[in-house]
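First chain A sits with chain B, and in the next complex the same chain sits with chain C.
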Partner chain A sequence: MARGGFLASTMIGFTRALARAMASEQIARQAGLLQSLDPRVRVIGLFTMVLAVMLSRRIAVIGALFVVAVIIAILSRVGVLMLVKRVWLVVLGFTGVIAFPAIFLTPGDTVAAFAGGPVRITVQGVQTATLLIARVETAVTFTSLLVLCTPWTHVLKALRAFRLPQEAIMMLAMTHRYIFLLVETAGQMFESRQSRTVGLLKGAEGRRITARSAGVLLSKSIELGNEVYLAMQSRGFRGEIRILSDFHMRSWDYLGLAAFLFAGCLSAWIGR
Partner chain B sequence: MHIPDGYLSPSTCAVLYAAAIAGWYSALKRLKRMLLSRVVPLISVFAAFSFVVMMFNLPLPGGTTGHALGVTISAIVLGPSGAILAISIALAIQALFFGDGGISTLGANCFNMAVVASLVAYASYRLIAAGVGIASRRRVVAAAIAGYLAVNAAALLAAIEFGIQPALFHDARGMPLYAPYPLSIAVPAMMIGHLTLAGAAEAAISAGLVAYLQAADPALLRSTAGVLPATEAASAIAPAATNSLPRLWIAVALLMVLTPLGILAAGKAWGEWSPSELAMRKSAGQAASVASNSVTSSAPVGLQRLAKLWTAPFPAYAPTFVKSARFGYFLSAMFAVGILLLVSLVAQLWVQRRREVGHS
Partner chain C sequence: MLMPPMFELRDVYFEYDGIPALHGLSVQIAEGESVALLGANGSGKSTLLRILDALYFPSHGQVSFSGRPLTPEALHQEEFALSFRRRVALVFQNPDVQLFNPTVFDEVAFGPLQMQWSKEEVLSRVGATMALMGITHLRDRPPYRLSGGEKKRVALASVIVLDPDVLLLDEPTSTLDPRSQSQVIDLIQEWKGSSKTVITATHQLEIVDDIASRVLVLEEGRVGATGTAAEILANYELLLRANLVHAHRHSHGTITHTHPHLHSHSKHEH
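Right, the complex of A and B next:
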């Protein structure tokens, strides 16, 4: 828990989420390799790369794909330091904890034995842990590149290429808008509570405050939903959804798509 | 519980995407039966709410904190279909916008945390809180248990998905290609944290929210409350009935006063003739149409016979003891309304008695 209790740690979480969202939007607006491609190509292309990472069984191929991801990140003006802090270290911490016991638990050829023999490091164990970490790091890097280099509105429009129902796309768009509003509202509620709190709260009192805050937020959300519904009705909305799509594929986009598909298929084939 | 990319094989992801798509399709189909313009903003707002609630740090016993999923309160307020869509949208935004949870594993995450958790939460809440009032303490307990079960059901599914990977996807030497632990390790490793911390967090937030809604906005709990006790169900409709009853009485009284208007109409309503009136009309018709041999001046035999079967107490809306036709109309209206009220009162008493017998 952060110093200052759960109220402070929740507020820090809100601030971090907002800061990350703003940073992503800024990167997405810069001129770079991924940003120059049609959003549909970005979504399909990076998803193909994630799929290639998942299909590859060789650490060398996954390593090569990781290098490709780093090159794409540099060409798209995504800072490597940002990737280190925001993606690689976080994934290493999470997946490393999960993968580490596999070094000892996976049966296979013994490399080293401890405590007189029962605790053993195996070749297969080391390979399993390395493969898992490499796979997750590379796949999450490609996913992060999509998130960082594509404005949310473009992601939504690109999703139409996958024949998603328009209702779903509309709900995704509306939810995204409300999230920031509700994060701000919740942040203000917690800040207000924190400013009136002296000392540390007991666990039961903390749970009661959190549940009440969530309840107030729920009531406000429902009220907001009703207001939006009335506003939509007053503007003539009758359930028919139309989403404008102004994307046009150029030869550069076709080239990018072909490059992604080629790289993905080649990696999956070599790494099979 | 958010499974990142790389932990599950592509075929596992494909199967779980298919399962999640079935859940989304079914939920969307159910909700489309409702007013779509009403549902879209409600689900969106609830998805945003669930997203924000997932960021709340909840203090737990032992000095640690946990995060709730928000799926239980969504299932309690919106029902399972609404909850499936709201939580799926929150998870999709986490994956696509915040990079939390994988893209390839989005189907698995939605299947575990949105589809299955919503259904478990809804079913257990309805089962435990069946037949109790909105303000009942049992609803708070039901929400807590539902939250605990939902989160642990989702975690168990995730553990099984992890646990089957080494058995199904390994190389020629037996080296696991994805999540490395078998079920015997994956299930306990995953469940220890969820049976203690995550389950407790969801239980605490769900119970707290239901208790808050019971006091602040009980109407939100009604849609999934099921059959309420007779007293509460009656009290739920009582305000509307109380408001509309005086208006109904005024309208009935006005109509009764206006009933003599019927005698202003000239002639007899078509088809409502007595045998003698019909015979008179036929005689008049005979004069106009001599060509028709089949028409006689008397009414049909069947009509004459059936006309004697029942004699009305107030023939032509005019009791014999009343000389004024207008007052006779008014009296007939009062008499008819009185009979209808009496019949409805007897029926109401009968239904009430049957309900009391059923409850006892």
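Right, the complex of A and C next:
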């Protein structure tokens, strides 16, 4: 818990979430390699790269794809330090926990033995763990590049290229739209609570406040949902979603799409 | 033949979970009229606007639009529903409720798309409306990143794009800074001048004279009084009773005075 106590740390969490979302949008709106491509190309292209990573069994090929991801990040003006902090270290932490037992449990040639023999590190175990971590790191890097370099609204529109039902897209869009409003409301609720709190709260009291706030927030979100539905009805909504797509493919986009497909297929074939 | 009124409400009752909001309200609003619904918080202004927009239906009484009853059954008919939704537009008090699309462009295009207009027409009308409202530079911005004034302008653009005959406005200038307030009032005045029907719910006396030729004062879900803006604003007893003004008390030496406290664009009276 932060030094300022439970309320302060919760508020810092809300503020940080909003700040991160805004920083991502700024990256998405600046000039760069990925940003110059049609959002549909970005979605299809980066999805192809993720697929290639998943299909590759050779660590060298995955390593090469990782280098490609880093080069794309630099050309798209995504800070490598940001990737280290927000992607690579986090993924390493999660995947590391999953991959770690494989070092000892995978049968094969022993590299080192502990506790008189039964606990052994094997070459195959190290390879399996490395492959898993490299695969996840690279795939998540490509996915993060898509999210960082494409406004969420464009990702949603581009998803229609995959024939995703419009209802699902509208639901995702509205969730994204109102999550910020609810985060803001929650932040204000905690600010208001903190302005009337003297000293630090005990853990139990902090949990009670969280539970009550969650209840109030739920009521507010239900009320907001009803109001939004009325506002939609008022402008002619009758249950069927109609969205306008205004994307245009240029020769640069076709070139980008071809490059992604070629690199993806080549990697999957070499790494099979 | 005499034209039916744009809206006619007869003995309308409406309640929220047993708490009455409208209580035997009867009123007629003619085509091209500009009406202010004046009342304190909880007087039933927002409920009345929602009934006029056929979002709520009364528990008792009748509502008609251009001589046709406004009922859930009528709104289930696609032809009537589309025509009604195009002709009558409501701007909600809280713009966050109304701005549910991911970008400003999508927001303004939402109504025309529901009306099933062609892509070319949608693009041209949306572009023209955004230029008219001075929000073209906000085109790709998500609504949660806009200021209060910008949100209000986008909310207005999202209904004006349909070129409705009736504009229903719920507290259009509340929470706005003076410049944004003035812009919204200018817009309402433009609409008044173009033979459109404008019905504005407000508790801000200082804007009533600018936005309405007739004022309905709502008190506890009924029409407490009706008249021109000048007549209503001059009736201090009525305004005090409807909780629209308060007595202003101050002292000169040992003598304490009590005056009505009124605001208007040109003067601030004690």
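A few points about this structure:
Everything that follows uses one rule, which is that the second predicted complex is superposed on the first by the 248 of 272 C-alpha atoms of A that agree within 3 Å, B and C clash if a C-alpha of one lies under 4 Å from a C-alpha of the other, contacts with A are read in each partner's own complex, and residues count from 1 in each chain.
By our rule, a residue touches a chain if its C-beta (ideal position, glycine included) is under 8 Å from a C-beta of that chain, and two chains touch if they have at least 3 such contacts.
None of the values given here were measured: they were computed from a predicted structure.
With both structures placed on the common chain, the touch criterion links A:Val228 to chain B and to chain C. Judged by the touch definition given at the top, the superposed model places A:Arg77 against neither chain B nor chain C.
By the touch criterion defined above, A:Arg193 lies against neither chain B nor chain C after alignment on the C-alpha atoms of chain A. Shared-chain residue A:His176: touches chain B and chain C both.
When the two structures are aligned on the shared chain, A:Phe237 is found in touch with chain B and with chain C. In the superposition on chain A, contact is made by A:Thr153 with chain C only, not with chain B.
A count of residues in chain A touched by chain B and by chain C gives the higher number to B. The intersection of chain A residues touching chain B with those touching chain C, taken from the two complexes, comprises 152, 174, 176-178, 181, 224, 228, 232-233, 237-238.
Chain C makes touch with chain A in their complex at residues 50, 53, 55, 78, 81-82, 85-86, 89-90, 92, 94, 96-103, 105-106, 109-111, 113-116, 119, 122-123, 140, 142-145, 158-159, 162. Residue ranges of chain A in contact with chain B, taken from their complex: 1, 5-6, 9-10, 13-14, 17, 20-21, 24, 47, 50-51, 53-55, 57, 87, 91, 94-95, 99, 101-102, 105-108, 124, 127-129, 131-132, 135-136, 138-140, 142-144, 146-148, 152, 155, 165, 167-168, 170-172, 174-179, 181-183, 186, 201, 203, 206-208, 210-219, 221-222, 224-225, 228-229, 232-233, 237-239, 241. Considering their complex, residues 22, 25, 151-153, 156, 173-174, 176-178, 180-181, 184, 224, 227-228, 230-238, 242-244, 246 of chain A touch chain C.
Put simply, chain B touches chain A in their complex at residues 4-7, 9-10, 13, 24, 28, 32, 35-38, 40-49, 51-53, 55-61, 63-65, 68, 73, 77, 85, 89-90, 92-93, 95-99, 102-104, 171, 173-181, 185, 204-205, 207-209, 211-213, 216-217, 220.
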